Each structure stands twice: as structure tokens, then as C-alpha cells.
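Letters are used for the chains, namely A, B, C, D, E and F, taken in the order the chains are written, and counting of residues starts over at 1 for each.
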Amino acid sequence: MPDPLPTVALKRVTIVGEAVLETRLVALIRAAGAKGFTRLACSGEGSRGVRASDWEGANVKLETLVSPAVADAILSALARDYFEHFAVVAYVDEVHVVRGDKYI
Amino acid sequence: MPDPLPTVALKRVTIVGEAVLETRLVALIRAAGAKGFTRLACSGEGSRGVRASDWEGANVKLETLVSPAVADAILSALARDYFEHFAVVAYVDEVHVVRGDKYI
Amino acid sequence: MPDPLPTVALKRVTIVGEAVLETRLVALIRAAGAKGFTRLACSGEGSRGVRASDWEGANVKLETLVSPAVADAILSALARDYFEHFAVVAYVDEVHVVRGDKYI
Amino acid sequence: MDALELVRLNLLSPMVLGFALGIVAALVKSDVKLPEALHSGLSAYLLLAIGLKGGIELGKAPLGELSGPLIATLAVGLTSPLWCFATLRGLGKLGVADAAAIAAHYGSVSVVTFTACGTFLDAAGVAYEGFMSALVAFLEVPAIIVAIFLARRTTAGTAHWGETLREVVFGKSNLLLLGGVAIGALSGPAAEQVKPFFVDPFRGALTLFLIDMGVLAARRLGDLRATGGFLVAFALLMPLVNGAIGALVGDLAGLSLGGTTVFATMVASASYIAAPVAVRIALPEANPALYLTSSLALTFPFNLTVGIPVYHAIARWLHA
Amino acid sequence: MDALELVRLNLLSPMVLGFALGIVAALVKSDVKLPEALHSGLSAYLLLAIGLKGGIELGKAPLGELSGPLIATLAVGLTSPLWCFATLRGLGKLGVADAAAIAAHYGSVSVVTFTACGTFLDAAGVAYEGFMSALVAFLEVPAIIVAIFLARRTTAGTAHWGETLREVVFGKSNLLLLGGVAIGALSGPAAEQVKPFFVDPFRGALTLFLIDMGVLAARRLGDLRATGGFLVAFALLMPLVNGAIGALVGDLAGLSLGGTTVFATMVASASYIAAPVAVRIALPEANPALYLTSSLALTFPFNLTVGIPVYHAIARWLHA
Amino acid sequence: MDALELVRLNLLSPMVLGFALGIVAALVKSDVKLPEALHSGLSAYLLLAIGLKGGIELGKAPLGELSGPLIATLAVGLTSPLWCFATLRGLGKLGVADAAAIAAHYGSVSVVTFTACGTFLDAAGVAYEGFMSALVAFLEVPAIIVAIFLARRTTAGTAHWGETLREVVFGKSNLLLLGGVAIGALSGPAAEQVKPFFVDPFRGALTLFLIDMGVLAARRLGDLRATGGFLVAFALLMPLVNGAIGALVGDLAGLSLGGTTVFATMVASASYIAAPVAVRIALPEANPALYLTSSLALTFPFNLTVGIPVYHAIARWLHA
């Protein structure tokens, strides 16, 4: 078996929000300094349960691998612009990324 | 840079199961005390590899942010009702959720 | 409340890559010793941003629950065959799996 | 054809029956909802097809004939959100954001209701101006802009006007509608080539779409409790007021009996495709449960079943 | 037309060739599978269209003509799971759950096989009662209920009967089929409006769908090893038995030559849309590899290629 | 019909207008892109339909008539990547992998461009050999193989030849095209049954697809900077060279005026469905921005608007 590959511990920020916000959330992530992101279509239910339009595609899930500082910047921007009026969930965990230095 | 946002450590329970079970799994999660969930369409292969019906949409992935007690309740209910006969995978990890108190 | 279910700590390897690679990545995972995997359609942007073909379905996300040794084997094989020329992101974290011994 | 026969004709059309099937399916919790991708594709198809049909006729119509209806459309589009807003604020005591959001929906237009009206008239054998669907695009947009402006006037506006405008004008539904008009008008006789796709199967595709709309409408019914009595009354009476005004204006603008019916229906209908998206972004503090439930779960079925024959009756009375 | 010519006609129809294309594609590992959303949408379209055609004819048929075939349908639907179950238990030595699960599939009906039979008869120029597709809905449901009851009688039942019943009756496929029947029957001549969508392109859409079915069937072929020799024999012989019984009963019920052929095909066919979902939930201890492989990978292609002409031959012999 | 009229006819066809609509939509950042699943389903439909039409005609054509065009197709498919590769290496100074990748695209064929040409000729009232679409499949594959071979000859090959070959030949687009040909040729007169699905609505479906292609092409425009001046020139001039050669060879092979135009268009067009997938896997070190941008964002619109009428003019000149 080969030597284990070196990995870098990074923050993974996950945002689940209304699909109408997609373009804006992506812009927010980029502005906060993220180098990339992965986007998944999803749906869900929460305490609020209101959607702008059922046929705009329910929810979107964005995942981005970033440094701790960028993670904070993303969450702060989210809190400022979206948490009051929009159905947005955001959380952070840590993952070990191969070639992780590419993403910071 | 702004102060880091306060986050709450919560359990994220992930369930991957046959799509025919979707309504039932959602009901189970709700009954166990979860406040919300996110649903993703997916497919997969495992050791068993039997599906009720290929055109019922393969698998479904449910993710729910909950307290440790609710996480245990979900897993126990799953074990009781589904693990014997159905293709269901379930696991738990911890994530740091913004406005996390909303979900417990 | 029932006793918490015993869980097994396993590695979850996540690979996000170009959809044209799907069959090959699945074969790689299998060859490295994974017992199963879950596949999600996704899209994304990164530093590179080149896709073989927009209508081949953007990206694919593969998640597999494995032992640490198999996780290393997967990452090494990825690094050898795909990291140079393809848009592939891979990372590892730890999750607590119910009936986890099934997957190792 | 007498009035009752017309109502029967409308209620037992495949489209209305399809809508009913969707409602029934949702009520018995049967999952007949089309996959997201198909709903969205079908919606794009319908918008394009409606535009295309309008565009083909537009290409044939003398420009002079158009000016009257076009002015009427813009006039109604710019003013109807005002009287809706006033009613919602004055009688309904709703907050500014909610009132403006609802006014945007009722000032704008429901493309599917419009289409159902055309199908109704075809079945009843009543002719109408072919260019009407080109007018839909001109009624869809202004009301949304006016209503958002009404709210922003009074609330602390972080809204970027340019962006809002861009989003409404270049929104998916408007662009497909206008794009269809352009393709139809420019391609002239060559448009015949695409009729077996965009024209012949149109009503069947609409029937399928309406099954899905029925499911969505039924799902909203649960929110009726949150809506409150006033809004239920508003959602069922405002269309009649707007329809009567629309019939009057359409008649004055020189439209035929059929054209007047279509115009009245357009004015009476409430948007649930373009408006919700624009409003969600521009007026996030408005409660979607209010504007979606009233337009989709109440006004839409009301117009589909009762409204259209009523507006036709009004138009006939005006033309008599 | 002689027998060989009929077989040739069937094998070289675009639908059967489409199915073959799907199998070939899967065998050479070419990914021609339609996206999930399209498969499901196409399936909804086919069910609605079949129902609609049946409904239009139902609206025209005198009720008296219907009673015989309807009784025959219910009779077969209630009894055929019994003899299938007995065979599987007695000869095949299968467990209760597996035997009941398979009996549910063979007692129920394959909508696509039914449709392929109609297409075959059209091509052969043989008329059949237009209301047959309305009967499909009545054959689809009872068998599943009976079979599940057979299993629950003996196994420790945590099954909620009400829920199981609700799910089968209001299942997607049944609801769309019945919904189509209702729309067709109620809308009367107005149904003409939707024919360019639901009737004219139907066979082409079915061809596309069958390519997909071919892929799915071929993927199941790998499970044949798990199936065992008895089940392979069952999957190829039971349809012949059921088809012969169906032809006899259909003939007795007063159906025409074409109607008898269709009825025989219905009885001979095995469900792979409604039954698997219901059985998976109600009899989770049954092995899906057994019931899916036999119905989808064996019986379906068998009926599609060989079965239909054979049932037609039996019907002709009975009518001679 | 004079040349200008033909250009106008082409530019104002619903298909080209649809493509323009897609470009406009992308430029104003309106999200009219079809969902992934629909794009892929529509693409499968078009490939099948094209094959089917070709197959129906193939079934009627005497084999002797076919041999000339078939040999011509194979000859061009095997040699055109060579001269493209030489140009890209010699004049463009591109690396081996990039040059081979681009040569694979320009040697292969764009099914949509091919189809647009057929539509153009139909509108212009010019007949062409019906079996042409069967030839598309034979032009699509060889060029890709030859080009990959060119690269592998010189670079350290970890390529598995068998696998590459299998993937190109059994690739989705090739299999659907050939499958359609087979279904059309084998089912003979029974193919009539599926024409209301595969033939009549074809051009409308193509119009919808081209809106989507417009969006995709416009998105690639941003990559033009990376492409460099030489590749822009190549993408606009090479089609003219290839088109002229194609016209000459098609004429020599005994094709009619219309058939020569179609053949020239096939040779002039560049693949963006089959080739990118094969090349991405077999030549991963080639830069997708180069081959995708040139074939999709430059050559495709060029051929669609200017190229087709030009190739027709050349064909007319040769046939005069």
C-alpha cells in the first residue's frame, strides 16, 4: 500500500436556500473569497416552509471548501443579507482535502 | 473582518434509502422530533443492490440537523422498522450551524 | 428513550468530478475496496472551469463509506490517474455509521 | 350557445378536467406531480408556443389595428396595481410590503388562464384577435414594476432598481414569450414548419401542465388558514372587478367580442410565474403564503372555472 | 394474414425494435438510458393517453355492452393471483412472501404490453373494443390486493390494511389511468382538441419508452442466476396459461376477436410498475430480484415478441 | 430562388431565430436554459428521429445507389482529420494533443448542422437523397478514431485502444443514430405509425433544442480570449475549405444537387456531441476550452447562418 496522501484540513461551508437565491448566493460566496463551489438541487421542509415559487426548483445546496477566514466571511455576509427574510440554512464542518492548498 | 458568527454544534443525521420509502422516512424523522430536513435525489450501489422499481427514482438522501437525543431517536426508529428488509444506510456527524438553536 | 445505537466510525470519501468520468471513478472506488457508494448529480465551478461537454451532465458527486485503508487507496489511485488532467476534488471526513461493520 | 352551455363547455374541457384531476390526486396524497425538470420544460414550451402563435398573427396584422389594444394594455398594466394596492391597504389593512406584493400579482397576468380562455373561445366558436398573446408580455411586466415601486417608495430601499427591472424584463417567462413572438413574426410563412410541434399538440400539453398546476394549487390550500377571510374575498371578487374593467377597456380599444373576452380575462387573472420570483427578491419581507395562496389556490381555479364564462358574458353584453 | 406474417409484423414493429435497441445498448454498455425525469414523465403521458383513449370510447359505448367484460375482468383479477400463488408454492416451493409477491405481479397487468397488443392489432387491421383500456385499471388493482392478503393471512402482519389499499388504488399509475378515463369520458367531443398530443404521437412516444424498457430489462438479466430454473420456466409458461384462460373468459364475456386478444394479453401480462411499488412496501421480506427479474426481464419481452401473436392465434381459433 | 433570398430564408427560419434567441437570452443573463434532463432527452429524440428518417429511405434505396456516397463518406472521414491536424500543427503551432483534439472535432460531423441543412433545403424546395442521415453515422466515427491515433502515435500512450474504439462506436449519439436507422430500415411501412412523433414535430423540437444550443454557445464566447486569433480564423475558414472539398467529393460520388449540399455541410461541420466526450477521455491533456469554443461557439453558428447557403451555392455551381 502506498503512503497516505497528504491532505489539508479545510472548512466546508454548506448553504441550503431557496432556489431563487442561487445566483446571489454564488456571488456572495465568490465575493467572500471562495475559489470554487459545488451546487446540488434539493428540496426540503423547515419551520417556515414558504417557497417563492414551487416551479423555480425548490432549494439549492451549495458546498464550498474554504479557509476558516473565508468561512467566517461567508457566514457573516449570509447573516447580514439573507437570514431575516429568506429560508436559508448554513453550517460548517471540517474535511481533509487532497491538494487542499488549491482552495485557499 | 467581522467577529466570527456564533454557531451551535448539532448532529447531522444522513439517511440514504430506497426512493419508495421517502414518505415514510420523512414521517419517521418528523416523529422523532426533527424540525426540518433536506432531501436530495441520488442513486447508488451497495452490497444488496436490489431496488423496488428502477423507475421510482432509485434512492433518496435525507439530511436533518438535530440534537443528539433526536439523532438517537431517529436511528433507533430506523433500526426497528427498516434495517431488516430495506436498503437503508444511516450515519451521523457533527456540524456547526448558524442560528443553530432554531433546529433543536 | 432507548439506548443509543452502537455506531462505527468510518471514513467518508467524497469525490466531485466531471460527469464523463463517472463510470471510471466508480470502477476506481470498487477496485480500491469500497463495498458501495452513493451518486449525486451536481454542477459547480472551480479554478479551472473547463468541462468536456456541457450536455454530458456537468459534475458527479460520489460518496463512499470505507475503512481508513480503503480511503487511502482511493485517494492514491485518484492522484495517480486523474489529478493531473481532470477537474476532480476529493476529500475525507469521519462519520458514525449504524451497522458500520457492513461497510468494511 | 346559451350561458349554461358555455359554462358546461368550459368545465368539461380536458384542460379544466385535468386541473381537477391534479387537485383530486393531491387530496388523496397520490404522487402524480411531474418531475421538476418536466414542469419547467413544459412551462417553457407553453410560453414559447403562445408567443409564437401571437407572433405569427402579429406579422399579419396591420400596425394601425394594434395601437389601440397596445395602449389599453399598458394603461391597465400601469394602473391596476394601484387600485389593487389601495384596496388591500384600505379595506384589508395589510402591511405595505404584503399589499404591494399581492398587487404585483393581480396587476400582472396568468399566461395559463389567458390560454385557457383562448381554448374556451375556440370551442365556443368565437373568433379573437390573433395578436392577443403578444399583448400578454406587455401586461405582464409593468404591473410588477409599479407594485414594487409602490412598496419601495415607503420602505427603506436597499433595492437595486436596475437589477429589479432587468430581472422582470429579462425574466425567463417574459423572454420566452417575447422570443416566441419575435420568432413567429420574423419567420413568416416558414413558421408553418414548426406548427406540428408548437400549435397542434398545444392543448394536450396544456392539459398535462394543468394536472400539475392542480397538484400545486391543492398543496397551497393548506395555507388558506394563514390567509384570512379578507384575502379569500379579495381573491374571488377582485378578478370580477378587474374583469369588468378589462372588458370595458378592451371594448373601448376596439377589440372584437372574442378579443374583449380575452382582454378581460388577462386583466382579471393573477400571475403566479413571473410575479412570485420578482417579488420574492425585491420584496423579501412580504409573506409568500399570502400572495401565492391567493393567486394560485384561489384566483386561478376561480377564473378557470367560473371567471372565463362570466367575462365572456360581460363582453357579450357590452357588444350587444 | 397468416400466422408467420403476423409474427413478422409484430417483431419488426418500431416498438419491438425499439425494445431490442435498448437491450443491445445495455449489452454493449452504451448509456442510452433516458434521464429519470423523462422516463417518469413519459410513463405518466402513456398512462394518461391510454386512459383517455379508453375514456373517449367508454363515453360512446352503451353501458350494457360493458357489464360482461367488466365482470370478467374483476373475476380474473380476483382469482388469477390464487392459481399463480398455488403454482409458486406447490411446484416452485417458494416461501409465502415471495410466492405472494410474484402472484401480485402476474395477477396484475402490464400497461405497456397491453398497449403493444393494441398497436399490433391496428397494424394487423383487427378491430377491438375501444373501452378495453378502461378495464386495465380494474384488472391492475384487485390482484395486488388479493396477493398481499394471501401473504398477510399467514405471516405476522404489521401491515396497515387501509394504507396498503389506499396506496394501490391511489397509486400514481392507477390514478393517471383512471384520471385519463374520466377526462376522456366526461369531455366528450371536446377530447378531440387533445388528440394531436395524446393520440397521434402515442406510438412514437411508446417506441422511445420501450428503448428505455429494453435497457432496464437487460440490466435485470444479470439477476437471472439468482432467479433459478423454476422461476424462468414459470415466467415463460405462466403467461401462456394465463393467456389461454384470458382468451376463453374474454370470449365468453362476449368480446370481439380483437377484444379477446387484448383481454388475453392483459391477463397474460405481468405488472412492473404498480405491483413492485406496492409489494415492496407491503411485503418487504419478499426478494425484489425474484419478482422484478421474472416480470420485467422474462415475461415482458416474451409477451412483446412471442406472446401477443400467440394469444391472437388462440383468440382466432376460439372465434372460428 | 436567388442567393440573397436563400440567405434570408435561412436566417429567418424558426431554427436559426431560436438559436439567436438563446444567444440573446444568455447575453442578458436570463436563465432560459432547459433542465439538463430535457436537453439530454431532446438530444436523444433528435438523433433517433434523424436516424429513423434515414433508415426509412435507406430501406427504399437500391443498394447500388448507396455504394458511391458511402465510400466517399469513409474516404473523407479518414482523411479530413489529417489535413486539419497538419494545418493546426503547421500554421497554428499547436501542441500535438490540442491539434489532434481539434482535428477530431472538425473531421467528425455536427448532427444539428446536418439537420439544419435538410430543413433549409426543404424550405428552398430542393430535393436530396433521403439516406444521407445514415451516412452521418459513418462520418461521425472514423475521424475521431484517426485523430486520437494521430496523437497517440507520438505521445506516451496509456490509452486502451479497445476501450476508446468501443466508446466512440457505442457512444450514445452514434448508437441512437444507428439504432434509428435500423428501426427505420427494418420496420418498413410500419414506420408510418411513429411519424407523428418522430417526423412531423421534428423541426419544432429542433427549434427548442437550438434555443438551448444558443445559450451554450454564448456561454463559451467568454473563452474566446483563451482561444487566440489563429483558432478563430481556423474555425471560420476551415469549414469553407472542408465544405468546398465536401461539395467536390459529393458531386463526384454522384449525389444530387441537394445531396451534394448536405454532404458538403456534413464535411464542413464540426462535432460537439460525440467528439468532446471521446476526446476528453482519450486525450485528457488537450485543453477543452480550445476544441469546444472553436466548434460550438464559432463554427456551429457560422455554418448555421452563413455556411449552409454558401455550400449550397458551391453545389449549384458544380452542378451547373
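Heads up, the rule we're going with is that a residue touches a chain if its C-beta (ideal position, glycine included) is under 8 Å from a C-beta of that chain, and two chains touch if they have at least 3 such contacts.
The structure presented is a predicted model; accordingly, all values stated were derived computationally and were not measured.
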Touching subunit B and subunit F alike are C, E
Return the chains shared as contacts by subunit B and subunit E, ordered by label. none
With centres defined by CA atoms only, which chain is the most remote from subunit C? D
Looking at chain pairs C-F and A-B, which one is connected by more C-beta pairs in contact? A-B
Outermost chain relative to subunit E, judged by CA means, is A
How far is the middle of subunit A from the middle of subunit F, if each middle is the mean of its Cα atoms, in Å? 39
Averaged over CA atoms, how far is the centre of subunit A from the centre of subunit D? Could you give it in whole Å? 36
Where subunit A touches two or more other chains simultaneously, the residues are 40-41, 93
Junction residues of subunit D, two or more chains touched: 35-38, 40, 196, 200-201
By the document's touch rule, what are all the touching chain pairs in this structure? A-B, A-C, A-D, B-C, B-E, C-F, D-E, D-F, E-F
For subunit F, which residues are in contact with subunit C within the complex? 36, 39-40, 43, 216, 219, 272-273, 276-277, 279-281, 284-285, 287-289, 292
Per the touch rule above, subunit E residues touching subunit D in the complex are 35-38, 40-41, 44-45, 48, 166, 170-172, 175-176, 179, 182-183, 186-188, 190-191, 193-198, 200-201
Could you list, by residue number, the parts of subunit B that touch subunit E in their complex? 18, 20-21, 24, 41, 50-58, 84-86
Please give the residue numbers of subunit E that touch subunit F in the complex, ascending. 9, 12-14, 17-18, 21, 24-25, 28-32, 34-38, 119, 122-123, 196, 200-205, 207-208, 211
Given the complex with subunit B, which residues does subunit A contribute to the contact? 14, 16, 40-47, 59, 61, 69, 72-73, 75-76, 78-79, 83, 89-93
